[in-house]
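One chain, chain A, links the two complexes that follow: it is found with chain B in the first and with chain C in the second.
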Partner chain A sequence: MTAVERIEAEMPDRPARARPTPRRILPWLLSVVIGVLCVVPFLLVIAISFGRKIEGAAWQWDFTLANYQRFFVGALWPDEVTFLYLQQLGFSFWYAVIASLLAVLTALPFTLLLTRLSRRAQAAWLVFILSSLSLSEVFIVMGWDILLSNNSGLPALIKSTGLTQWLKDVGWFQTLRDWGLASPRNVKFKTSQFATILTMSYLVWPYAVILLYPALSRLDRSQSEAARTMGAGGWTVARTVILPAIRLPLFGSTLLLFVFLLGTYVAVTVFAAPAQHTTAVAIYSNIRGANLNAPFGATQAVILLLAAGLCLTLGHRLNRWAEAR
Partner chain B sequence: MTKLNRRTLLKTGAAGLAASSVLGTPLIAQTRSLKIGSYGGYFEDSFKEFVYPAFTDATGIAVESVTQPNSTDWLVTMQQATAAGSVPADLSLYARDTLIKASRIGGLLKPLNLAAMPAAGNLDPYFVFEAPEGALGVGAMSWFTAMVINPGEVDVPASWADFWDSSIYEASLGLSRNYNSQFLDIVAATFFDGEETFKNDEGILALIEKAAEIKPNVALWWSAESQMEQSMKNGDVIGGQYYLDVANLMAADGFPIKPVFPKEGNPQDYGSWCLSSLSDKADEAAEFINFSSDPATQALMSRKIGTAPLLDQSKTDLTDEEFAFVSGTPSIRPAYEAYLDKETFIKESWDKMLAGA
Partner chain C sequence: MSGLVLKGISKSFGGTRAVDRVNLTFAEGQLTALLGPSGCGKTTLLRMIAGLEAPSSGSLLLGGRDITGLPAHKRKFGMVFQSFALFPHLTVRDNVAYSLHISGASRTEAAETAKRLLDLVQLSAFGDRRIGALSGGQRQRVAIARALAQEPEVFLLDEPMSALDAKLREEMQVELRLLQQRLGITTVVVTHDQREAMTMADSIVVMSNGRVEQVGSPQDIYHHPDNAFVADFIGKANFFDGVTEPGGIRVGPMHLSAKPNFVRGSPVRVAIRPERACLDDEPGENRLSAKVTFVRDLGPVREYHLDTPLGAMVVENAPGEVRKSLVIGDRTEVRLPPEALHLFPDPQAAVAAE
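And now, the complex of A and B:
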């Protein structure tokens, strides 16, 4: 008797086909739902990105790489070259990197202090922060829009306290005008990179706290205390004990917020000058009815996605490399 | 005047259905109705409150109001709906560029029977859009994008050229960000030969180059109407381009804004009634367009909605004061065809100019 024959002999008779039970069907059903809701639209975007725009009308299905070429060198190539779309992609990354770093770096000390409060106070803070997530982007941008407005916000405060006049007297006002942060009448924060990045980091700040909280609350405080008793100062403890212990969550949170911020639309439209607009804004301006160039919009979306994927992969590699050292 | 809105319409509709089930079918055949799209918000509300009830009183045709976000995005909706075989509105309101675009896409609009709407003959022929297959759109109302200033901060400029003066307007203006929102037409009328300049690429690039010179004076390149409204109210900008009717409403509410007709004039755009290719309400639509083209209705819209009439002031009973609130001279006619024929070229050149790339 060979091994195969023995195994076959030992196996009990089984029905020719497994009967479909709910437990077997459910995973298939879920796969179909996910496929229809996620994969199909995604494939559609990729397919549309190869479509062709008809001047003055809509677009049609096709297979052309012209949209991808346009992204890198512009529509008039080879007569003329423009890096407009690469510049927009650059601004997408620039805002997302700075705003996510800013959010995580400011949320870190806050969360650290939060974990040292009583359970009750911690719960209260966390509930408050979680509830602030219910505010939509539009609402937050509207709020900051008012806070930074000339007659009702920060510029009004600066003017009424005499700070504007003082800036003019000492000559610094001209510097602000050169930076685009003042009109001849008063300081202004709209439109500026300052307002854009501020609003974007405000947008994700609650996420930063919530992402960092589990790791920070599990920090073993006895390690810091031990370091302290050995004579380490506060800064040395933070640098050599706390930061290495939370490096992974810190890195992970920044990466997550970065990806989240890549698609920011409202804050950039309202607070950034057109010279500093991002790919997300350009996608919408192509797809909407004034232009009806869905293929080029889809192309920009695909490239944004690929670029984000590349960043995540690099981040992952970097992390593994740092781990191995 | 009874106020007709969706709710009461549904109620009367339900009552009608209930009655017809008792009395038999002929009653259903007698209720004629029409679904009409218009831009949502104040605009649509005014239509529902003043124009549609008057139409129903005059003709017995019930109107169901359909909300359009605007002209251009509605075209996307209607295009997809037409492909799917069922459209949300019989009549849509399209600005001229969208109408031309719809006619070029083809298959979206049904030619109108002009013989059934004699009042349309009152309108300036420019407002009746003829395509090879027939008339695809008849003007509904028009609106101006006017020069506006904050009268508390600056004197009334005599020309659009004054906006290029950085000693007055540095970082202080609000202009529209879209390439086809008529700022180039203003530049063409102010510094070049108007619509003629759009005829070739060099002319268009010269326009965009001139527009680039105003960039240091622009604090806000707005994409949504509300951004400009807020910025004028908040004092973030002290001038720019904005809709004449809304500017007048804001001024009437006491906000620091004054619309101006400088010597070159202001761009005038207009909306057209267009019938969906899938609609079977051609007769009702013709009756509505006929009603809408009537001088009395044109005057009613000017008074209640703030749009400019599509016919001479003398044909209406509008007073000079009422007319000045919604219209003015001269009017700049946008280079619609050029914006469409050279769409990608103008958009990319304009975006490059704004981005400094």
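And now, the complex of A and C:
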């Protein structure tokens, strides 16, 4: 027996190469299908963003940067520069930032109180909040549309209770007019940034509670109590103990809601003035609405996505920087 | 100042009375241990002293001043929690200086105080560390330093050793006691560990079912328990049920000489500490025949488990006290000196004795 034969004889039997069976293939197949379903539409949007619109017809495949140029400096550049689309992107960010902050800041004390209720009460509240998520955006916006409408909603109630007259008497009515929240006769919420942000914030408020709940329910109450025994009042405890302890989930929740709100469509179309519409509304208008310019709509979608990604990256870096400090 | 006084303090949670009409005086500069089994109300009592729970009735006086309604953040009581409750987002130094920072003390003052306290608890080299980078014993020291930073009038500790391993616990008990003696601060420690209470306390308050069973020095409580619960909870004891009769007690078939302060025929519980029962040849009263059923050698002491006419009994002797070594199955005699017998009234014992 040669040395090689001896070594081979001493080696344990090599396991036979696994034969492909349906059980082995299925996970791979599912991964491929999911990957294709997620990636292909995304790649298509990117590819279309470089396409060309044909006047009076649809569009054709191409590789032009004209759509990106139009987004940043307008279609007439270099003869004329307009920032209309950047302004829309700015409104997208403005609404999303304020609404997400409002949702998180109002959900925070509520969720903190919720965690101090009995188990049964907590479960009941969570079920109620979860069930509210089943309401569609259209349905919620319709409710707020009625609530804030000038003739039948809050403005009518405010007028009938004499509050409008009182606001006029004390001189605050003019301030509301300056803010765009009043007509010469009565307070008005449509159309206004106030109503837009309020409705957007309402849309994501249940998400804010559900995102904050796990972190707040895990808070060590003895830390707050320790701070109290060391002379900290309620606000000092919140500022120096509770907020630092939940900084990460608070930041993460705000960021998540912000990204979610960047795509809000119905609330903006109903409550925001046309001059203050967002990129999401413009995308729809280009792809399915009046403009029918799919390549430019795709360009706006890609830029919105990149901007959201940039925000997430910056947020992550900011958080790591704060943690390192 | 005349220390901390509790007058008729009670606390109910729904229909459950956690603390029931407690009257106590915590002498100034002394360390008092609240000792009792889990759920006896000792932590609730401590939390009421700290201002973290409002009493259902009764009042708290500090130096003669009523502080019952004073919120926790205005009491200036330092407290160490069972979990230590340190702030993980702050360094060790910032944890210690927390009370100074929020009270508006200058940075210099806060830094100097933190340094002094970290020196005191021997953690001066750990000021820049995060809490997560400390061991259990170090965390406990930080919690103590933090609670002391505001120079509290009363120092409260809620089972401060429970998160430590046995060896470290023993060391920290001595360290804490030395620190308390050095600072001379009125201190209340909650514990369920009688060894811990005996090690540290000037005075022990034994609690059960929300009530105070006995207050006294460790020696008092161990050698002169007021009732069967205290005798059972503090240290070990052999118990027998009996009925008083002239010159002693009848326990089952036997008469034991004792000096009962009860009327004849009263049902009583008889207790004797394992180390007070003697396995010797000295003549005397209350000698019982016994058979050794188990021997437990603990090093400094040896426990003999005996079968006697009164029932099972444990006798603890230091090596050398027994002239000959006993082994399982040996027959011997055990002597119960009358002065070592504790008699407690017990209505339930009457039924058992009959």
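In this text, the second predicted complex is superposed on the first by the 295 of 325 C-alpha atoms of A that agree within 3 Å, B and C clash if a C-alpha of one lies under 4 Å from a C-alpha of the other, contacts with A are read in each partner's own complex, and residues count from 1 in each chain.
Everything that follows uses one rule, which is that a residue touches a chain if its C-beta (ideal position, glycine included) is under 8 Å from a C-beta of that chain, and two chains touch if they have at least 3 such contacts.
The model shown is predicted, which means the values in this text are computed figures rather than measured ones.
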(message) What does the overlay on chain A give for chain B and chain C, a clash or a fit?
(response) fit
(request) With the two complexes superposed on chain A, say which partner A:Val241 touches: chain B (first), chain C (second), both, or neither. (result) second
(message) Just to be sure I read the superposition right, which of the two partners does A:Pro214 touch: chain B = first, chain C = second, or both, or neither?
(response) neither
(message) Output check: A:Ala182 vs chain B and chain C. Expected answer is one of first, second, both, neither. What do you get?
(response) first
(message) To make sure I follow: the centres are taken over C-alpha atoms, the vertex is chain A, the ends are chain B and chain C. What is that angle to the nearest 10 degrees?
(response) 150
(request) Quick one: name whichever of chain B and chain C touches more residues of chain A. (result) B
(request) In the overlay, answer first, second, both or neither for which of chain B and chain C A:Gly35 touches. (result) neither
(message) Looking at A:Gly143 after the superposition, I want to know if it touches chain B, chain C, both of them or none. Which is it: first, second, both, neither?
(response) neither
(request) State the minimum pairwise Cα distance, in Å, between chain B and chain C in the overlaid complexes. (result) 46
(request) Kindly list the residues of chain A that each of chain B and chain C touches, one partner per complex. (result) none
(message) Quick check: in the complex, which residue numbers of chain B touch chain A?
(response) 70-76, 79, 98, 100-101, 104-105, 153, 170-172, 177-178, 180, 219-221, 223-224, 227, 230-231, 233-236, 340-345, 347-348, 351-352, 354-357
(request) Enumerate the contact residues on chain A facing chain B in the complex. (result) 53-58, 74-76, 82-84, 87-88, 145-146, 149-153, 177, 180, 182-185, 188, 190-191, 269-270, 273-275, 277, 282, 285, 288-293
(message) Residue numbers of chain C touching chain A in their complex, please.
(response) 50-52, 71-79, 81-83, 85-89, 98-99, 102-103, 146-147, 149-150, 156
(message) List the residues on chain A that touch chain C in their complex, please.
(response) 220, 222-223, 225-233, 236, 240-241, 244-245, 247
